[in-house]
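These are the structures in question, set out in turn.
In what comes next, chain A is part of two complexes: it sits with chain B in the first one and with chain C in the second one.
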Partner chain A sequence: MAPPNRQIRLIGWIAPTILVVLWQLSIDIGLIRFRYFPTPVAVARALYTIALSGALYKNTAHTVLVALIAWAIASVLGVAVGLVVGLSVPLWKGVMASIDVLRSLPIIALVPVGVIIFGFTLKLEIVIGAYAAIWPTLVNTVTGVRQTRIELLDVGKMLRMSALERLRKLIFPSSLPVIMVGLRLGLGLSLVLTVVSEIVGTPHGIGNALISAEQALHPGQMFAYILVVGLVGYLLNGVFLYAARIFSPSERSREISR
Partner chain B sequence: MTQQTSNTQAGSTRNSYRKSHGGKGVAPLFGLLPLAVLLLIWQIFGNPHSVFFPQPNRWLTAINSLQQQGTLWTSILATASTFVQSIIVATLIGTTLGLALGSINWGGKALDPLLDFLRNLPAAALVPAAAIVLGTNTKMALVIVVFSSVWPILLSTRSAIMNLSPVLSSSITNLRLSGPRRTSVMIGSALPGILLGVRVAAPLALIVTLLAEFITNLSGVGALILSAQQNFNSAEVYALLLLAGVLALVVNSIVSAIEASVLRRHGPVTT
Partner chain C sequence: MSEVRNQDEVIYQVHDLSVNLRRRGQERVILKSLSFDVRKEECLSIVGPSGTGKTTLLRALAGLIPYAGSVRYLGETLDGPASDVVLVFQDYVNALLRWRTVQKNVALGIEGRIPRDQCQERIDEAIETVGLQNYRDSYPWELSGGMQQRVQIARALAMKPKVLLFDEPFGSLDAMTREGLQDELLRVRSVFQATCVFITHDIDEAVYLGDRLMLLSGSPASLSFEVDIHLGETRNQISTKESGEFLSLRHQVHEQMRKAHGASQSTN
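Right, the complex of A and B next:
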C-alpha cells in the first residue's frame, strides 16, 4: 500500500473513535438517558456473547448467502433484459415506461404481496431481494447500451462484424462501467431487502435475530446486529469494488466507485 | 449511493446523447401499453376467487371500503405529515452540515469512512432500535426518516461546495466576504447540488416513512399495509401497493416542480 493511502486509513479511524467515546461518556455522565440505549461497552459485550454462542456466525452466513443468491439471479436477469431492451430502439419505446412505473413502486409495499404469495419462507427472502436488485441493474444496462457511441458502431459496420460480435466486442465493453454501477447498487439493495424480509417475519438470519433481541429486550444484542449489518454491507461493497478494480482497467473502476 | 449514480448517469448522458445510438430522452408514454394490457388480461382471465392474485377491480373495491371505514384519509395524512416534516428537517440539517463539511478541506479524508458507514446502515434495521429506545411514536419515525434521508442532501451539498468554481471561491476571498453574506453566496451557488440531494432524498424518505409505520404498526399507510397482510386481505394489499405507487409519483412530481421553479428563478445553472 502506498503511504498516502495508509494515512487516509489511520485518519479515518479518528472520527468513529471520537464518536464512540462521546457515546459512552454521554451515557455514563447521564447526558443521554434512555432506558434501552446501550453503551458501546454493552454492545461490545453482547457482540462477544453472540459470537461465542455461534448465533452470530449462523445468522450472518444465512443472510449473506441469501442476499448473494438473490443478487446473482437479479444480475443475470437484469443484464439480459437490459441488453435486449437497450439494443432495440422500438422495444425500448414500447416497454420502458412500464419498466419505469414498476421500478418506482415503493419496494416496502411489495413485501406484503410477497408474504401473501410465498408466506414466510426462504423463497420470499430470495424473491424480494432479487426483485429489489433487478431494477438498478436493468436500468443501468439499458442506459449503458444506449450510450454506446455511434462512431463505435460505425467501426463495427466497417469491419463487417456480426451482430453478436458487435455486442461482445464493442457494445458490452463500452457499457460495462455503467452496468457495474447498477450491479453495485443491486448488491446493497438485495442485502437490505433480505434483512427487511427477515425483520418482517422470515424466521432466519440477522433481521430475525434483531427482532428477537428487541422482543427479549436485549438492546445490546440488537445494536450488535445492526453493527454487523452495517459492516457486512460495507464489506460487500468493498469486495465488489476491489474485484471490479482487478477485472477492469483503472479508468473504469474509478467510474464505478464514484 | 443512489445519488452518485444518478449524478454519473446524468453527466454522461448529457455529454454523449447526441453521439449515441439510443438518442436522447424520456421513454414515450405509449410504453405503458404492456403494463395496461397485462392488467387487462389479469382482469378478464383472472380467477375471481384467487387469494394470491386478486383481480384489479377488487383492488378498487378494497380501496373504496377503506375509504368508507374512514381510515384511508387519516392514514394518508399521518404518512404525509411525517414525510413532509422529515424532508424539511433533513434538508435543513443536510445543507448546514454539508456547508460546514465542504468548507473544511481536511474533512474528506477524516470523515469519509464514518459517513460511508452511517449512510449505508439499512433504515430497516434501525427502525426496531429506534422503537426500543424512543418508543413507538411519531417522534421515533421522524428521527429514523431524517437519519436515513439526510445523507444524499449532506453529501451532495458538500460536493457542490467542494467543487465551487475557482472564480467564485477566489472572489469570495478577494471581496473578503464573511459571515452571513459568505454563507448566502455559497448556498446560492450550491443550490443545484442541494436540490439534487433533495430529489434523491425525497423518495427515500417516503419509503422509510412507510417502513417505519409497517414495522412498528405506527398509524399511517404503512400500518394499513401491515394489517391488510396480517388479515390475508390480498385485494387490500394490492390496492395499498397501488396507493404507495401513487404517493411516490406525487412526491416525485412535487419535488421536480419545486426544483424546476427554484432553478428558473435562480437563473441558468452553469455546472
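Right, the complex of A and C next:
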C-alpha cells in the first residue's frame, strides 16, 4: 500500500509548487503590479521574522487554545443535547424545526451581537467559537441516534438491557461515526470563528495579528499569518482523524473496503 | 392439537393468538387465531411462504410486540422479553455490534451480570461450540456471512437460554454454508438442551431440523398443518435426506403448502 500512497503524495506537491513558482515569476517580471501583493519569498521572509520575534508562537498558541476550548464546550453540549433530542421522539418533533432555523443563520452575522454582549474579550471568542461548533455536532448526534437500526434495538430488548445499557452499548457506539463527522466539522468551524472574532476586534491571536499586519502595511506578514491559519486548520483536522482512527477500529474497515 | 399435558413439558402455551400491525397508518391483521404448544426440548419448525408473518409470530413469542389472545411462557402470561429466551435474527449484519470483537459480541448478553471469570468461561465455551476459537479477536466485518451468524448463535448460547428462537437464520447464506450450519445446529442442540423454534421458508430445512413441523399460511396467517417428524437424533445431510421418511414428509408438506396456497388464492 505504501508505494502508491507515497507516489500520490509526491504528485500532490507538484501543483502547489508550480503555483508558487508562477506567483513569484509573475511579480518578478511585472505581470502583476499591485503595491501590496508580496512575492512568496517576501512571505517566507516575513514568516521568519515573526517566528524569530516570538509573535508567531504567541498568536498561534492563543488562537489554537481558544478554538480547542470552544470546540470542547460545543462538543460536550452538542453531544449531550443531541442524545436527549435524538432519543425522545416528542422532543425531536418539537425542537428540530427550531434547530434547523437557528443553525441556518449565518454565524458571522451574530458576531456583532456577541460584541455588544461581551465586548472584545476572551469570552466573546470562546462563545462565538462554541456557538459555531455546536450545530454540526448537535445535528449529527441527533441524526446518528435516529439512524440506529431497529434490529440493534431489538437485540437490546432481547438481551433485556436497561435503557442506560442500550444507550451506552448500542445507540451511542452505533451513532459514533456520524457524531465524529459532526465533531470534525465543528472543529473547523470553531477555528474559523475564533479567527473571525479576533479580526473583528479581540486584541489577541492570529486574527488580530493578521489585521494588525494589514493596518501596518506589512503584506508579507499578513500572508504569513494566512498561511499559518491554513496550516493550523489542516493539522487540527489531521490530528482529529488520526485519533479517531485509533479509537474506532471498525471505521478502518470502511476505508479498506472503499 | 395437544390438550392436557404435563405442565413441566410445555414451554409455550399459545391460545387464540392474533397480531395486528400498523403499516403507514393502516391496521393489518397479520396472524389470526393461532393455538399451539411448544414442548420442552423439542425443535419446532414453522414453515411458510415468504411474507406470511412467520417473523411476526416469532417476535410475538419473543415478547417484542404486543398481541391479542394468550401466550403463556412456563405457565405465565408473556408481557415482554422473557428471561431465558433468545432470538437469533436473520439479519446478522445488523444484529452484531460491528465495533466489538467476536468475543465482546458474545459477551453482550452476560457481561456485568455474572462474575467475570464465569463470564469468560461461558464465552469461551460458546465460541468453541460454534468453532470460532481462532477468531475471538476478529471483528464481525472481517468474517464471512456464515461465521457472523455463528457469532450470533454463540452470543445466544452464552446466555444459556431455555429457548432459542431462530428467525430464518440461514436464509441469506449460500447452500453449502447453510448445510454446514444446519448440522452444527443439530450438534449444538445435543450439547445444550434447549427448546428451539425454527422458522424458515425452506421445507427441506424445516423437516431436517425439526422434531415437529407446523405450516403457517394464508393472509391473515393461520396454522394449517402439523406433523411429527421421526428422523432420529442423529441426522445426516445425505442419508437422512434420502430416507423414505424424509422424502414422504417433504412430499406431505409440499402438498399441504400448495393446497393452502391454492385456497388463499381462490379467496382473493
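The rule is short, and it goes like this: the second predicted complex is superposed on the first by the 248 of 258 C-alpha atoms of A that agree within 3 Å, B and C clash if a C-alpha of one lies under 4 Å from a C-alpha of the other, contacts with A are read in each partner's own complex, and residues count from 1 in each chain.
What we mean here is this: a residue touches a chain if its C-beta (ideal position, glycine included) is under 8 Å from a C-beta of that chain, and two chains touch if they have at least 3 such contacts.
What you see is a predicted model; the values in this text were computed from it and never measured.
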| item | value |
| --- | --- |
| Chain B or chain C, by number of chain A residues touched | B |
| Which superposed partner A:Ala46 touches (first chain B, second chain C, both, neither) | neither |
| Contacts of A:Leu56 with chain B and chain C, given as first, second, both or neither | neither |
| Which superposed partner A:Glu151 touches (first chain B, second chain C, both, neither) | both |
| Touched partner set for A:Leu176, first chain B, second chain C, both or neither | second |
| Partner chain(s) touched by A:Arg160 [first = chain B, second = chain C, both, neither] | second |
| Touched partner set for A:Val127, first chain B, second chain C, both or neither | neither |
| Chain B/chain C common contact set on chain A | 149, 151 |
| Touch list for chain C against partner chain A, complex | 59, 62, 64, 81, 83, 85-87, 89, 91, 94-95, 97-99, 108-109, 139, 141-142, 159 |
| Chain C contact footprint on chain A (complex, rising order) | 149, 151-152, 154-155, 157-160, 169-170, 173-174, 176, 248-250, 253 |
| Residues of chain A that touch chain B when the two form their complex | 7-9, 11-16, 19, 34, 36-37, 86, 89, 92-102, 104-113, 115-117, 136, 140, 143, 145-151, 153, 178, 181-182, 185, 188, 191-192, 195-196, 199-200, 206-207, 210-211, 214, 217, 219, 222-223, 225-226, 229-230, 233-234, 237, 255, 258 |
| Partner chain A, residues of chain B touching it in the complex | 1-2, 4-5, 7-9, 12-13, 16-17, 19-23, 27-35, 51-52, 109-114, 116-117, 120-122, 124-129, 131-134, 203, 206-207, 210-211, 214-215, 222, 225-226, 228-229, 232, 234, 237-238, 240-241, 243-245, 247-249, 252 |
